[in-house]
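Same chain, two partners: chain A is paired with chain B first, then with chain C.
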Partner chain A sequence: MPAIDLIKLMPLIITSSGALIIMLMLAVRSGHKTVEIACLLVYSIGLAYLSKPTFVFEDNLFVVDGFGKLFMGLILFSGLIITFISYAYFNEKEENPKVYYVLLLLATLGAQTLCISHHFISLFLGLEILSMALYALIAYLRTRNYAIEAGMKYLIMAAFSSAFLLFGMALIYSETGTMDFAAIANIIKLQSKISPYLIMGFGLLMVGAGFKLSIVPFHLWAADVYQGAPMPVTAFIATISKGGMLIILFRLLGLTRLISLTPIFTLMLIIALASMLVGNLLAVRQRNLKRILAYSSIANMGYLMAALLSIDEDGLQTATLYTMIYFVALLTAFGVLSMLSTKERDADDLNDLKGMFWQKPLMASIMTVSMLSLAGIPLTAGFIGKFYILKSGIDTGQWLLMFTLILASIIGLFYYLKIIVALFTEAPSSAAVPEKGHPVYYFINLVVMFLLTISLVVLGVYPQQLISILHTILS
Partner chain B sequence: MNTVIWLLPALPLLGFLLLAFLGAQLNRTTVACIGIGSVSLAAILGLYLAINFISAAPASGYISQTLWNWMQVGSFKAGITLHYDALSLVFVFVITFVGALIHIYSAEFMGHDESFARFFAYLNLFVCSMLILVLADNLVLMYLGWEGVGLCSYLLIGFWYKNSKNGIAAQKAFIITRIGDTALAIGMFLLFKELGSLIITDISQHASEKLTKGSSNANLIALLLLGGAVGKSAQLPLQTWLPDAMAGPSPVSALIHAATMVTAGIYLIARMHAIFELSPIGMHVVAIVGAATLLIAATSALAQQDIKRVLAYSTISQLGYMFLALGVGAWWAAIFHFMIHAFFKALLFLGAGTVIEAQHHEHNMLNMGGLKNKLPTVFKTFVIGSAALAALPLVSAGFYSKDAIIWYSLTAQNGSPLLWLVAIIGSFITALYTCRMVVLTFFGTSKTELSYLPGPKMHIPLVVLAFLSVVGGFIELPHNFGHVTLFSHLVENVLPATQQKIDPSEFLFQLIAAGVCLSGIFLGWKLYNGSREKIVNLESGGVFKFFLNGWYFDALYKILFQQPYYFMARINKNDVIDKLNGAIVFTSNWLSNQLASSQTGSMRWYIMGIIAGAIMILTLQLVL
Partner chain C sequence: MNVFFYIAAAVAIISTLMVITRKHPVHALLYLIVSFMAVAIIFFQLGAPFVAALEIVLYAGAIVVLFIFVVMMLNLGRETSLQEKTWLNLATWLLPGVLGAILLIELIYLISTQPNETLTIAEIEPKAVALSLFGPYVIGVELSAMLLMAGVIGAAHIGRRTIKHYHRFLQEETK
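Let's turn to the complex of A and B:
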């Protein structure tokens, strides 16, 4: 590969060399703070590089287009935020916190690869890089109760579902003779009758993809793994790891319009309906915050599938908008929760939030806005996201899907409100709140969360600018 | 000059904000200064504006000031725009000037109340809302003021909320006026649908182009607007709230339930005269409502024993006269009577308040008497006010304003002998009950020891209002003597001139009216200037009981509306509709439980889940 081509993969190179540099820094025993700052720098450089408008190219394995760049930016941004919240969270923990950043960067690298992949080979490559790093990240705090269990579960099930994914790819390849997304779509569209092997191939592919996205019926792992993983890693799984798989689906089914084929459409419709309902229903009686967010993510993936299904001119734009807004709201929520976490345990019980407003009004307000946005209440960005999903769904006449979406949102409102109610209830006369050991980091985190919250509200009131930016990038 | 109109409502609003947020920290003197000051400044400003307006009236007949574009959707536009013309001028004058006097009075009257600041805050908010109502350039803004005064009325009737009876009276007032408000809102919607604008100048200029005279739409709009006016102005059939509203402090009764808020209905109809002129049926209904109300209320006033309830029924009755005037097309006469009525009725309420306060909060007139010498200033001013109410010929302002209405109820476009007869009978009863009230309260032997003597802050407003109740009438004298037309000349720009269909000898009818009034007073003196036992005997009859209970309207409504409502509420005790919502909750809960049992935490089960999912997908796809 000539050097000129390597430059085109610069974002991936930045992240991977960042991982290497941090590994070297660990060898010379750099402090936690230095490592953290280096990691922040890596993400920032990556983001800065992406903003160069001239940077586009396409070859067999990778395509760097506006869509891919947008998602990659989103992933790097999420990584940046997660790095912010990681320092205070890990610094007082018993394990050596520094290796964490290497794994974090490597996992990000995997997700980044997925963003620009339009070929089965690069897809699988990216997926495995992402998964390998995640196994270790989930079980990172190995002395915790559920850590090893969650890591093992994820390992076994991810491997299991990868097998389905590979077999699906193989079937599709055997029928079409190509592994390129666009070529596959072209060949399928030329066929008068789609062969059953091809349909089986897509079905098995969806098992693998569905596992990563934790959509029904492949959602069972989500709650256990979310609960067992350290708080920043949970945020990572919820955002970056799912974002990588989402863009693959958008590319494979959306951009190529394969979604409009009846068998694939029906399959995705059932998955979307089931995910929306099952996710929200599972969360209703849950009291563990991480599990609530896990179930809520099942439902939100369902909403995103709904956006994908009502594919028209703006369908992808809607899905992208929703993804971005969902990520920001989720990162805010996880940010608050990890700031509340103590040395011994994560603040993942509903009781941990009780009466928070009376002790930490700003943090409670941030959490409230984030929950309102997740629930899709007007004046927050979440409403805009949901509104556009509904709009494109109604424009394309997806009535069953849209009524289910509304019903599911109503059910969902219950547990988001449950969290908000907990924030504002009378505080249980608890002992004094333990002081955080890192006032500076605590403050920085608070500022970051506050900015994210502001952006949620601003987007909820003036969404037009973001939408037009998305429109130019995607068209 | 037109740049300061905004200060009129802004000053009381500022007063309200100051008192509402800082009231608890301020001492009583400061509170009184803020409360009185804001309204007094508005009154001075109002006078300044009025003098400017009268001396150099603008060619268009109004001045407007746009402060802000409130809302704009499609062709619908409502701005925070103030509109000052001759009609607004009269109302602004009464609201701010009488309002300021009542504020001064209140400073002493409420002096020992623990919620002193709250009282002045509400009162200032009321003045602000009322000014917005009469200065609004569009009906939407007017509706804001309309609801604002309704809110303040509610808050002030229930001011002494610790007594639950007052709270109930406040709720009654609020709910009953709300029936009218709803009619008004629907009328506004319909008006917008037909005319495409709710701006007052647009309505008066373009109503006749877009609506045909006598069309069903014009009638419907007029009747809906009348519905709003009837609720606010306590006319038949929504009059029942006003007597109960006397639960509020006396200054509140004087300001809100006599001088200003209850006349909002008069203002609305006068403002919308363009609509009413397109609906002859609407005009007739206005006149009939007014005539019926004035008779029912006057007879009810005759039997009341609570002095404030006498005045309350008398207010309803006098408002009936104004409606009658509007209905027959005597626009300026209605507004003129409004102004004079504001003077003397505020005076009477303030006087009654003093009397009640001086006698250990005794409301029953049968337990009063002999106050003539004990409260001389109050007595003199009260008599002047009563003379105006009874329309004592020549010397009282009430004679000139009421005589115009009686005269036009016969001769004006929509007048008729029957309406004239009702008006003249009403005039007789008015004289009778007024005389009864004065005699029972001030003459005879003393029944109750005085607990308190009013000071200057209470006397000055009484004297000023008494002065106005006499000279106020001289600005408009009938053409057969004096022929002064200052008032009708002022409002002729805004309100259509009164058309007369017949012109019999006015002198004869003035003589009849004067004679009826004097005979009413004479009969009253004969009947009531005797022993109390005789009076009690006289009033124990069935007819008086009927009158005492206000023709049993409350009982009627209880049977017609309250009991069926309670009945329906009882039937639907379990809230059938809510059961549907409950079903969603129940189902979600149940499903949640079922699904939660799939989260076993066991790997084998999860793997089986994936396999089952895969098999499901494959079969599904191959079957399809």
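Let's turn to the complex of A and C:
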């Protein structure tokens, strides 16, 4: 690769050099605040660079196109928000919080690599960087029982699913002789009858991908890991880590239209149906907020797979729109929860939210809007996302999928409303509200969350602009 | 030759089964080395001598280094040398030894009958590997560097011990 081409991969270079610079800053013992601001700067520079229009660049490992840049922007934006909420959260904790930012940037680098990869090698490298950084991030507060358990669980499951992924790749490679997504699709479409090795290869590939996305039946880790990880890391797993894998699926199955092939279509249909129903049903009886959000994320990944299945009628565009809206709503919810967390424990019980509206009306309103958006109530962005999924599903005539989606959404409404009801019930008692140690950061976080909430409402009322932007990028 | 593939594969499976059923980590590691060697023989047979060498150097070699570390750290006197003797008695190393000997015979036979006519895949030289690693896939190499960095930093954080600073007089008091 000539040196001039390196400039095309600038978003990756910015993040990785940011991680290196912060590591060097740790060596000279910079303060927590300096490190956090440096991390914010890295994300902002990355975002600023992405907003510049560039030509499509393609080499054997990467393709930097509008789609990839959009997802990369989404990932960097989520990283920026997570960095905002991390300072107040980690400053009070018993661990040295500075290494966290290096790992955060490295994990982001992995997700960014996934965004622009169209080759199995870059896919696997990106996935491993992401997982490797996440092992340590999940167990970051390593003296807590749940953290180590969650970290071990994630480590074993991720390593195991990587093995499946590699075996799937090997089967596909042995059958097609190439590791490039587009070339694989071309060869498969030329075959009159798809060979069983290829079907098996894609099945094994979906085990690896399904683990990262926590779709049924690979969802068993989700609730425990969400619960055990520190709140900002949970937000990271729910957004960035899943976003990276989503775009791989969009590229491998969506852009190449491989999903229209019957065996792959059936496989994804079963996964989508099961994820939507199982995720929502499991969430109903939960009282732990992190676990509720984990199960809700399983269901939401099911909705996304449903959008991907209706590829013939703007399915990809719908899926991208839904991903963006889902990320914003989740970041808002996790932001509020991490602001409520105290030094000793995360605010992850339903009782922590009881009567919050009467004490902190603004935060309770933010949480309400976020939950309404996740449930898909009109006037919030979540409704627009679900509406478009339904529209493209009905246009392609997939009635079973769409009725399941509606049924699942109704079940989902129950637990989202449970959270909202808890916010507005009578305050239990005027227990002394612990004084926040970081009034400035508290205020900044509140402003950021408020802006995200505004964007959720605005997108819910005027989605036209965003949709037309997506349309120009994807067509 | 197909027969050789099946012998090496059987050795690999047997030794890997032994790895996961042994209770003692040192015994498991012995079998793990045999398993790596068997995989290396398979690679060698398929026409990838370079990968076979890497398998031995990187995987089996790393475990031997681990062994040396353990021996170095535990070499504390007579009791430990007795302990080592009980760890490595005849029953322990007989089966790995036999499996290793099978592999050795196979390797000698394979080398003595070179060039191998049954080979269907072109042999890949180290030079070709290097050229593609540092040519079109150089970004991949750099990304693996970041992967290792993530691993090292994560391990350093998880494994770090909090250093407690006692005053020397206070420490004596607590004794």
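Some points to look at:
In this section, the second predicted complex is superposed on the first by the 471 of 475 C-alpha atoms of A that agree within 3 Å, B and C clash if a C-alpha of one lies under 4 Å from a C-alpha of the other, contacts with A are read in each partner's own complex, and residues count from 1 in each chain.
Please note the rule applied: a residue touches a chain if its C-beta (ideal position, glycine included) is under 8 Å from a C-beta of that chain, and two chains touch if they have at least 3 such contacts.
It should be emphasised that the depicted structure is a prediction, and the values quoted were computed from it without experimental measurement.
By the touch criterion stated above, A:Phe90 is placed in contact with neither chain B nor chain C. In the superposed pair of complexes, A:Leu220 makes contact with chain B only, with no contact to chain C. Contact with chain B, but none with chain C, is seen for A:Phe164 once the two complexes are overlaid on the shared chain. Residue contacts after overlaying the shared chain place A:Ser16 against chain C, while chain B stays out of touching range. Contacts of A:Arg285 after superposition: chain B is touched, whereas chain C is not reached. After overlaying the two complexes on the shared chain, residue contacts for A:Leu204 are found with chain B alone; chain C is out of touch.
Residue overlap on chain A between the chain B contacts of one complex and the chain C contacts of the other is empty. By the touch criterion given at the top, residues 135-140, 143-144, 146-147, 149-151, 153-158 of chain C touch chain A in their complex. Chain A contributes residues 152-153, 156-157, 160-161, 164, 196, 199-200, 202-204, 206-207, 210-211, 217-218, 220-221, 223-224, 262-263, 266-267, 270, 278, 281-282, 284-286, 407, 410-411, 414 to its touches with chain B in the complex.
Within the complex, the chain B residues that touch chain A are 584, 588-589, 591-593, 595-596, 598-599, 601, 603, 605-607, 609-610, 612-614, 616-618, 620-622, 624. Chain A makes touch with chain C in their complex at residues 1, 9, 16, 19-20, 23, 59-62, 95, 99, 102-103, 106-107, 109-110, 113, 121-122, 125-126, 128-129, 132-133, 135-137, 139-140, 142, 151.
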